[in-house]
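Pasting a structure here, questions to come.
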Amino acid sequence: MILDKSLIDQHNEDKHASHQRRFQALAAVLSDENQHVDALLDKIAAFQVAIPSWALGTGGTRFGRFAGGGEPRSLEEKIEDVGLLHTLNQSSGAISLHIPWDIPQNPGDIKRLAASFDLKFDAVNSNTFQDQELQNFSYKYGSLSHTDRHVRDQAITHNIEVIRHGIDLGSKALTIWLSDGTDFPGQQNFRRSFERTLDSFQQIYAELPDDWKLFVEYKPYEPHFYSTVISDWGTSLLFCQKLGQKALGLVDLGHHLPNTNIEQIVSRFLMEGKLGGFHFNDSKYGDDDLTVGSIRPYQLFLIFNELVEGMSSPELSNPALSWMIDASHNVKDPLEDLLQSVEAIKTAYAQALLVDRKALEKAQEENDTVLAQEILQHAYKTDVRPLLAQSRLQSGAALHPLAFYRETKVREELVRHRGAKAFATGL
Amino acid sequence: MILDKSLIDQHNEDKHASHQRRFQALAAVLSDENQHVDALLDKIAAFQVAIPSWALGTGGTRFGRFAGGGEPRSLEEKIEDVGLLHTLNQSSGAISLHIPWDIPQNPGDIKRLAASFDLKFDAVNSNTFQDQELQNFSYKYGSLSHTDRHVRDQAITHNIEVIRHGIDLGSKALTIWLSDGTDFPGQQNFRRSFERTLDSFQQIYAELPDDWKLFVEYKPYEPHFYSTVISDWGTSLLFCQKLGQKALGLVDLGHHLPNTNIEQIVSRFLMEGKLGGFHFNDSKYGDDDLTVGSIRPYQLFLIFNELVEGMSSPELSNPALSWMIDASHNVKDPLEDLLQSVEAIKTAYAQALLVDRKALEKAQEENDTVLAQEILQHAYKTDVRPLLAQSRLQSGAALHPLAFYRETKVREELVRHRGAKAFATGL
Amino acid sequence: MILDKSLIDQHNEDKHASHQRRFQALAAVLSDENQHVDALLDKIAAFQVAIPSWALGTGGTRFGRFAGGGEPRSLEEKIEDVGLLHTLNQSSGAISLHIPWDIPQNPGDIKRLAASFDLKFDAVNSNTFQDQELQNFSYKYGSLSHTDRHVRDQAITHNIEVIRHGIDLGSKALTIWLSDGTDFPGQQNFRRSFERTLDSFQQIYAELPDDWKLFVEYKPYEPHFYSTVISDWGTSLLFCQKLGQKALGLVDLGHHLPNTNIEQIVSRFLMEGKLGGFHFNDSKYGDDDLTVGSIRPYQLFLIFNELVEGMSSPELSNPALSWMIDASHNVKDPLEDLLQSVEAIKTAYAQALLVDRKALEKAQEENDTVLAQEILQHAYKTDVRPLLAQSRLQSGAALHPLAFYRETKVREELVRHRGAKAFATGL
Amino acid sequence: MILDKSLIDQHNEDKHASHQRRFQALAAVLSDENQHVDALLDKIAAFQVAIPSWALGTGGTRFGRFAGGGEPRSLEEKIEDVGLLHTLNQSSGAISLHIPWDIPQNPGDIKRLAASFDLKFDAVNSNTFQDQELQNFSYKYGSLSHTDRHVRDQAITHNIEVIRHGIDLGSKALTIWLSDGTDFPGQQNFRRSFERTLDSFQQIYAELPDDWKLFVEYKPYEPHFYSTVISDWGTSLLFCQKLGQKALGLVDLGHHLPNTNIEQIVSRFLMEGKLGGFHFNDSKYGDDDLTVGSIRPYQLFLIFNELVEGMSSPELSNPALSWMIDASHNVKDPLEDLLQSVEAIKTAYAQALLVDRKALEKAQEENDTVLAQEILQHAYKTDVRPLLAQSRLQSGAALHPLAFYRETKVREELVRHRGAKAFATGL
């Protein structure tokens, strides 16, 4: 399904006057505060968030899945869905594939299809948390960390194949979320699990092209409930240190113990030049994979506050970051959920851009805690929606992507094309 | 598959001498401490734990399931498996069914089959956390709490049917774990959800036979990740208060927020005469559904300490309790996991029986905190395994059920009968 | 120290033009959305938050306290400080006293002093978490729950005295935060602790004037680290049910286990007509007592969303609520901290007033989760600061209380009067 | 106060027969299992736990402190108290001092006094979490991380002085628990705080004698409630990596977020050769500083399981570890609490020694999760009390130290000597 851009123009035309009133009022306030509105608009427009192929269908839990309709049935349809999002918001210009579900049969065709939607291929993702049919060895007791060399070799080979598929499509990074872990005390020797995993990683790392990165994700629990091999940022950093320059940590917002100060972890990774990227989502309890910004929007802002500070600091030399969403849409239309998520990410980014860094630095230097809070919250309380809308307007996207999506009945159209019982493949 | 009891006799014969040495040493120590060993053995023997029908197969997570072999393919085979456990430990004399997966086609036959293994039917469980094929309305947005009366009616009808099946089999209780909840702020009005649920509960309660109980389980999150309708013991108690005498709270050990003092909740329910029963399991992070006693055995003991105190207190008039396991065996043989779980439960029970209640009461009265800890830990540190083994010996069970299970290659036999790809139905 | 109101007028004059631009822009947007701006301003102006007498000095931890200067040395000076706050923001029109530290020697004088600042006396607070010199019995092992009747009687008598002091001053409520609890398993019998506490409560309740309320606060841990007698909202509700109509639950935002859904607890209390009031603060880990809105501002908004809904619902008959701050200012000037806290509370309140309740109800009825989130976040994202400023302007308060406080060097003045080493009494 | 050893002999005489029956029974069982009982006894006897000087008095919270009587009033009396413990259990042969409270005026005398009790001086501890009178600069906003160089220099100088005192007494390690952190987002720049701290550490490290170690403790929160500079093991390890070989991580059991897998952290530190030592205590919620083993005894066992495995592994070259208690005795007699804590530590150690490592390794290699659990829990369930008692008997300590302490009325004697209102100095 390809959106008729004239419909977007019409939508923008209809909303234009109301938008302009709000944008002008905000622009005036920001100018008063010595913000460069055009520079802000450029930065906001340039910020692109990759959509993972597995997030285009309805998600579920171990207790079941309540599917919606019109879900993409193939890699081509997944690319179409991301293209649709990108057309709506001009902020989702990349797709992140999951192998084995998204193996491109004809990479050339797939690249052309993506290009027709102005999409790039972000990091490719391997999978060893599930067994596939016809697989020789089971990952029940681990993959890259398994005690049996045959299982490790199978998982290493799979990762190398994922790199190959990524090369075909123009990806520049491999993300490994290693679900390996244990459910009971004593099940494995922690140290030996680490060492076997390191050995496996090294073999994969050796196959990585020079301009690629390896993202080492961490997670404290689930699907295993006693320990995981890469349980926290400290372990991720240890692996990255031992692997080399191309290995970088990946932060998934839901992969932390209760009350973790995630923004400090972001700062630590940046300090060490070892931050690779993000999996955005939100959560209240564990890895809930909820819509970004739906539960703790202030935490998201504080994370972006670190990112903006770190990326603009001349002292740091962290490589450019990858931004991805990793959410599970159990009770929302996946495309609506993703529109909300991208908006939340860009909201936090825009707010973080507004922080008066010089004033903040001075307040920090003088231990003026009250003022430091005022400075941060001044940026956070600013209603940046007109700024984001203006950025979209200038990029040819819809002023109100979600409203447009509903008005033009996109989901209904997808259901018509793909059926009410079309379920996305993947996870 | 029916175990040859002569094999158990042989096993017990082989282990007898070694067991007797240990048991006699322990019995001597306990007698020194004025414990009545025979009375202890009787209580331990009488303690029976129900096995839920869904725990006989391999469990999984949203990321996948790594099945084992020889799993029961039918209600009859589930009963056989529980019968097998009961033969091994003489402590698992009941099965708890899950509708719609375990609907008895011919209740008379099913009852006779169960009786042949000396099994009773414990609480029956309804299910509205998943949609079934041919169902008119979806539970995606709730069941007993749904905004649409048609959906609520369907769920009410289902629960009433579950009662009917239970009546056919001789059950005396209905357990409702209501997964209804929300994933996002604003999704539902908390109060109206409660009120609709109460109305649905009342209709189900009205159908409950006089000698039945309704167990109202609570859980803070999962499968929904912002709120659940019956989120905590306070909410469960409110429902029970409003429903009437037959409604009682059910405590699942994994259904609590981090650091919750569960033993105090047990005490509160008992104080109000509103404790119905338990779903035993263990966990480190959330509702991990691990083997009972594998992570926090001391907490389990403290819970039994409350139960023994409460059940023996003349001040209290709580009805008799139901004991059930509710675990998910993702990386263990389900039957081995259940043998370990039952053993852990009875261990905690036996240790709690050893607590010197008079001395404890005196220490509490005098605020002698050090002594109170000594008294509890004295009981906890006692190695009660010979006591449990002796109780099994006297009941005709195996001295070492797990060792026997492995020696006689029960799983291999089940695989041979049922196949390596026989997957349990249910959940 | 009494603020010269002409300085406030001058401040407002200086900021007037800039404020008006922002307010007019916001008012235009709100009017577009069918909000009644004048009605909003009235509600915001009427919302008053009580300041506890113990929050006027620097707080500390068990590891020490780093005092600031110019802290109030007496009840009179505490009242002056609250008067100062109220002059600045016209939103802090009440003080909540802590006995024994704030015993009024001459209640008539104290009432006149408070009236001169337009202050009322909110709930009075008893203290049995510390021993005072000359006290007969120690609270080391509890007070209202103590095993020894003499200790309980002493604590009961103290609470009755607090009521008497409150009557003298025109208070209408007693807040009991009962720190009683245990540090070790077995230290106390949970049920008997509850029963002794209930008996003590009943004796205090009997002395409560007809138009008074008793607020029953709950807290899961600290200063005791295994259990507390009133550990959660369920226990608080049980006490309130058993005591009678005047007993109501009090929610302190920091008194919950990790990840608790506090807004649902608020809804439950309201549903039962049993919500008494709030102790506002913020926290990341435990009872951190940080500035309101400094860590989880969205949670605060969601709580106010419940409160606005509940207070406006014709189905509910909960009594009017008490709003108090309970924070500890360890690294901020206490008065600045309180100004930030009051502003955060009123921000959340104003945002909650903006929620389109009809639209939300419709979205809920239709399970339109995406839209429900949009509706809530639309209100939350609105920058309501101009609305609050306008409300202050109309009430004669400062447009920017914190800026004014710093410009006029209030703290320096207080230090000059009271000394650099004047430490607040209390806690 | 010096214990009359003949009283201990008498006590042991009285308990001897009963002890021997239990010990012989256990020894027989252990021998059956191919354990070398004498080797076990030697290892248990050699295991010594250092007592911190601040743990000899009653602890408290920010809400108050309920002191006991007879607390040590001087460094000399603190040494006497540890001597007393060591006489009772022959397992507390070291004291860990806290400067500035324990500055030895005459180190020679102090060393002689300690030697008379057979005590060594374990790690010395610096303090910058509190201001002392006559101090030039305040640590309110940090010490080694402070933005102001003068404050950092003062803190560095203090640490160097602590090293000097340690050298005088024969200590071989400096423990730095750096309380520096922030209470609010934005208060400090995370990276710069780290860099300033590193610079300060390097200056201290440069003053460390060659045979000394620097222990870098971590803690996620308290006394600051938003962030701490050394928040987790990953940060501790980063500092140690950057400082050099003598810098090692220190694990305090209470310094973790909810649900942290501490035993895995222990394994990680050991793998990197960077584990320095332990601060033992127990907790349910945060840094509760409760008696070791009173809340999670199985977790303690699992930690010792890692330690025993790591210390005996030929693959690892971690330096010898320091064992210290760090607890706060709010409702128990401090000496009784310490006796219970040392007993709990040695219990976990003894149980960990019993683990059949070869069998465990085989089960791990074969992913036999059920068996791995059986092996660990077999060791854990063994009642090792007779083993510990025998070890004490052979070392000349009391069979039942706590019982002996009470029988001989040690506390009463201390109160008689030191007064009912003698409060320990320190923290």
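All chains are identified by letter, namely A, B, C and D, in their written order; residue positions are counted from 1 within each chain.
Methods note: a residue touches a chain if its C-beta (ideal position, glycine included) is under 8 Å from a C-beta of that chain, and two chains touch if they have at least 3 such contacts.
Here the structure is a predicted model, which means the values were calculated and not measured.
Common neighbours of chain B and chain D, by the contact definition above: A, C.
Interface comparison, A-D versus C-D: the pair with the greater number of contacting C-beta pairs is A-D. Here the spacing of chain C and chain D, counted between their Cα centres, is 40 Å.
Centre-to-centre separation of chain A and chain D, using mean CA positions: 43 Å. For chain D, residues that reach two or more other chains under the stated contact definition are 140-141, 182-185, 187, 220-221, 226, 258-259, 261, 284-285, 291, 294-295, 298, 331-332, 367, 369, 373.
In the complex of the two chains, the chain B residues touching chain C come out as 140-141, 147, 182-192, 194-195, 220-221, 226-227, 231-235, 237-238, 257-261, 263-264, 267-268, 270-272, 298, 302, 305-306, 309-310, 313, 315-316, 360-361, 363-367, 369, 372-373, 375-376.
Only residues 18, 21-22, 25, 28-29, 32, 258-259, 261, 284-285, 291, 293-298, 331-333, 336-337, 340, 347, 367, 369-370, 373-374, 377, 380-383, 385, 402 of chain A touch chain C when the two sit together in their complex.
Chain C contributes residues 59-64, 66, 129-131, 138-141, 179, 182-185, 187, 220-226, 258, 283-286, 288, 290-291, 294-295, 328, 330-332, 427 to its touches with chain D in the complex.
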